[in-house]
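See below for the structure under consideration.
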Amino acid sequence: MLKVYLSGEIHTDWRERIVDGSKGLDVAFNSPVTDHAASDDCGVAILGAEPDKFWHDHKGAKLNAIRTRKGIEDADIVVVRFGDQYKQWNAAFDAGYAAALGKSLIILHGKSHQHALKEVDAAALAVAEEPEQVVQILRYVLDGSLP
Amino acid sequence: MLKVYLSGEIHTDWRERIVDGSKGLDVAFNSPVTDHAASDDCGVAILGAEPDKFWHDHKGAKLNAIRTRKGIEDADIVVVRFGDQYKQWNAAFDAGYAAALGKSLIILHGKSHQHALKEVDAAALAVAEEPEQVVQILRYVLDGSLP
Amino acid sequence: MLKVYLSGEIHTDWRERIVDGSKGLDVAFNSPVTDHAASDDCGVAILGAEPDKFWHDHKGAKLNAIRTRKGIEDADIVVVRFGDQYKQWNAAFDAGYAAALGKSLIILHGKSHQHALKEVDAAALAVAEEPEQVVQILRYVLDGSLP
Amino acid sequence: MLKVYLSGEIHTDWRERIVDGSKGLDVAFNSPVTDHAASDDCGVAILGAEPDKFWHDHKGAKLNAIRTRKGIEDADIVVVRFGDQYKQWNAAFDAGYAAALGKSLIILHGKSHQHALKEVDAAALAVAEEPEQVVQILRYVLDGSLP
Amino acid sequence: MLKVYLSGEIHTDWRERIVDGSKGLDVAFNSPVTDHAASDDCGVAILGAEPDKFWHDHKGAKLNAIRTRKGIEDADIVVVRFGDQYKQWNAAFDAGYAAALGKSLIILHGKSHQHALKEVDAAALAVAEEPEQVVQILRYVLDGSLP
Amino acid sequence: MLKVYLSGEIHTDWRERIVDGSKGLDVAFNSPVTDHAASDDCGVAILGAEPDKFWHDHKGAKLNAIRTRKGIEDADIVVVRFGDQYKQWNAAFDAGYAAALGKSLIILHGKSHQHALKEVDAAALAVAEEPEQVVQILRYVLDGSLP
Amino acid sequence: MLKVYLSGEIHTDWRERIVDGSKGLDVAFNSPVTDHAASDDCGVAILGAEPDKFWHDHKGAKLNAIRTRKGIEDADIVVVRFGDQYKQWNAAFDAGYAAALGKSLIILHGKSHQHALKEVDAAALAVAEEPEQVVQILRYVLDGSLP
Amino acid sequence: MLKVYLSGEIHTDWRERIVDGSKGLDVAFNSPVTDHAASDDCGVAILGAEPDKFWHDHKGAKLNAIRTRKGIEDADIVVVRFGDQYKQWNAAFDAGYAAALGKSLIILHGKSHQHALKEVDAAALAVAEEPEQVVQILRYVLDGSLP
């Protein structure tokens, strides 16, 4: 079984397209909490309010790290998607974290980000543009069949 | 001796301010190649031209990775600076890479980036706004003196 | 599944409150032997009496270490509870051991211990006061739902 | 050369007695910042004031962790001293951290703490009561001579 | 259960002979994609054509590395077969990779390759000539019975 | 579940006494091949005769190492029994190997071997004389009950 | 300082060209014994003759492994050269060994070997054809200057 | 520079013969305390008398472990000598410890011990009978010259 962690962009349906496309394959997917509001506020919701936004964010980011670290450390493959919006530094951070652990990295992004992501892409075993390509990679890695 | 790697932004003088401010301290600094043009073109300059920009970038990013990895792996402390311009995904990638190796991370950025960098900051042992604060940290870590 | 080790205080019902509150969640809990007398005397009960109290304690502490080490090494998350009584150095030792292994740490203690536990808290991904908050964290990490 | 980290109690002269007694031996000592006030306030002094005491402490504890981690990770031997006062959970945390990294541990404490420290002592290669015994251990380990 | 990765030559039936011979043993086998054409072209088939043969090969080799690395890292035993044809540098690369990870290596080759493979054989726990000997080794390792 | 590897002496029934005594406990036992003749001759029986006794032994010892290494690496606890006969250097080698991997060691031997085994015992978490004590340890570690 | 291990082909002057070209750079080079006869016969010359060529080779290959392993493990960068002659499986083995340890790999070979070396090249951070390119890489990595 | 740890027998002059023979080579030797009485009594001499011989030995063995572990962990090569007398289980323990850490092992013993040491020899990169052969190995590893 392949354990795959899906990191990065949370505002499009790329995860669903990969998960749906992989039906029938021996793959277990994991991902961060993708509910933006919950992800931002989890820290203060559980551990108490913070007047300072920095610590508000800090508490939440650390709770999310419990899930993210386990997801990456348990994974065989880490897929990191960079979308068109936002800074997405957490996605690049996850990619670096996964690379240092020796995970197989697949980076997913549009052509316009090629230059800005060159260091991230250079650490990857595959750079794809569409979620369906990731599905094809998973199928090939599992049973050797090509599209 | 403290070995410190200075990752991230290459368009302001933050490295110089840290290195100059640390005169007399037992610190050895390392950093990526900060000549933007050399860093972009090193791959093709040494290993041969590529008509496709993706592979042009790819060859260069891999050569730079030889230096970056050694710099991070040898370091006790990795300082990562996020500036006001560009995507800076390589900086976040370095931070993730360093975090996974258990390095002590110091993140340096302006207040406006606090929310976008919350996951990176959450992995750090210090979050500073000015290079002089990094100097003060290095001095305190080495000899216990405060500003 | 999350594997969670519950270290520390053995004289209140905090473990039961976490385990009971986590019913229905995909969590496997582990903990030290919490029978104080058995924990103190296991070494000599099995391996033979010692006239010197130091070696009496030593034999027992080493048997308990077989269980503790496995519990911590197998865990994704290590929760360490500091109560109001006793030195509880073994709890702090477990926290340090878990931190060095890169485990996600949750520290549980009352407000009065904040200053004395600052180094331990600084290594944690969450600091909570009530066992129910730990349950909420586990639920959030598993399925993203907030209280 | 032996690299020795001296962790724990900061209110008596045990470190000086070890360092002075080791004159002429091939040992390099390291230790945390032992100026109590500086150690407590370093975070806010460098990185900015915090109205909440928890975050005041948190910022300081993390700066101190930069020094502590390096000291422990670089060491061959970690000596941890437990005195008669305070909770000293940071000392026990350091001991656990060092144990998990496979460092040779020497624990230094009076007889009255034997039972409370049994788990910590069980992870050690030596348990001593006086700093002079630590000096004798270092001398024996280096050149085989006994007192 | 023994997890066994079968690396190397893809043009004879040695894998089938080992897998068939091991029927009834508690062994799980894994191997690279052995369809030569698929293995060569997988990169461009999924990720897009490359005019330069070097990058054509490069993309494919990296996709295959996702499977190979997982296969070797998950294995208890790595069997590497060297046949009579081709350079087979990937087989020797896999052997080196497995050796550095501390895997138990079994090398399978004819007598004529003995001198050329001496460094690879020197890292192995067994050097065999016939696939049936590998089956006998697996049976002996599992239940102690000899042929 | 506890995974326990039983290393050492093969001429008495100590393994049976531990395995039988542990009926009902959640323990999985593993051990080397204990058929002395098979263990000595496995190498040449499978891989071909050797005129030189050194290489005869060498081939066998390496095949046995495939099983031994996996047994020790997979184990939570390694029990090493030293009997009254033979050099038993392989038992001491296994103990050292297990110690370096951080396994919990239980050493089992009669009083007469105490001085000769002091370095091995010093690396152990328990030193027992009778197999039944090992059973009691396993029971205590699993469910906290004492004899 | 960069530590560079030069593995592979021993029949051309590529090592000299790299070492000579790197005069003045802060690089320490290491390499295997490149005297072919000594390398083949070292085992029996020191440890005694073997009538069987396999064990003759085996003893030598293991002595050479003492040097090779240290060379690779100490290195920051491992350069592996594939020439036009011989099987060179030891070169590919070294490349795999270095890759698994996370070393920065530079592969050096002529165009004709591109397809056969695609898996090895895919693990490298640079693929060069001429020793002078390796010198240029070392210079760039050290001081950022391009040819 | 090669760092070499000389473990095992302390009653003959084999260490002197290796050290003397290696004059002029770039080797740093380390070894356990070879004063038998000091080694046996160091624990109680420094840390206080024990009426029970087991704990007398235990305290000493642990102090010696501080030196032994550092010696082995720092070494590139571990030479283990088995003499004609005593059980020498500590020597075999050191060999196992060094093997698990991936150190290059050289085993030194007379022909009569070949069968009893077959598992230890099987983990070694060289098996020699005379100290002078070890010197020849060190010289060959360092400069490629043969006797």
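Every chain is named by a letter (A, B, C, D, E, F, G and H) in the order it is written, and numbering of its residues begins at 1.
To be clear about the criterion, contacts are C-beta pairs under 8 Å (C-beta built on N, C-alpha and C of every residue); 3 or more make two chains touch, one makes a residue touch a chain.
The model shown is predicted, which means the values in this text are computed figures rather than measured ones.
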Partner chains shared by chain E and chain H (touch criterion as defined above): F, G
Interface residue identity across copies chain E, chain F - same or different by half: different
Which of A-B and C-F has more C-beta pairs touching across its chains: A-B
Inter-chain centre distance, chain F versus chain H - centres from mean C-alpha coordinates, in Å: 23
Separation of mean Cα positions, chain H and chain G [Å, integer]: 31
Rounded Å distance, chain C centre to chain E centre (Cα mean): 44
For chain F, residues that touch 2 or more chains besides their own: 62, 65, 102, 127
Footprint of chain E on chain A - complex, ascending: 2, 76-77, 102, 104, 125-128, 133, 136-137, 140-141, 144-147
Residues of chain B defined as touching chain G within the complex: 33-35, 38-39, 41-42, 45-47, 59, 62-63, 65-67, 69-70
Chain A partner contacts - residues on chain B that touch it in the complex: 53-54, 57-58, 60-62, 64-65, 68, 82, 86-101, 113-123, 127
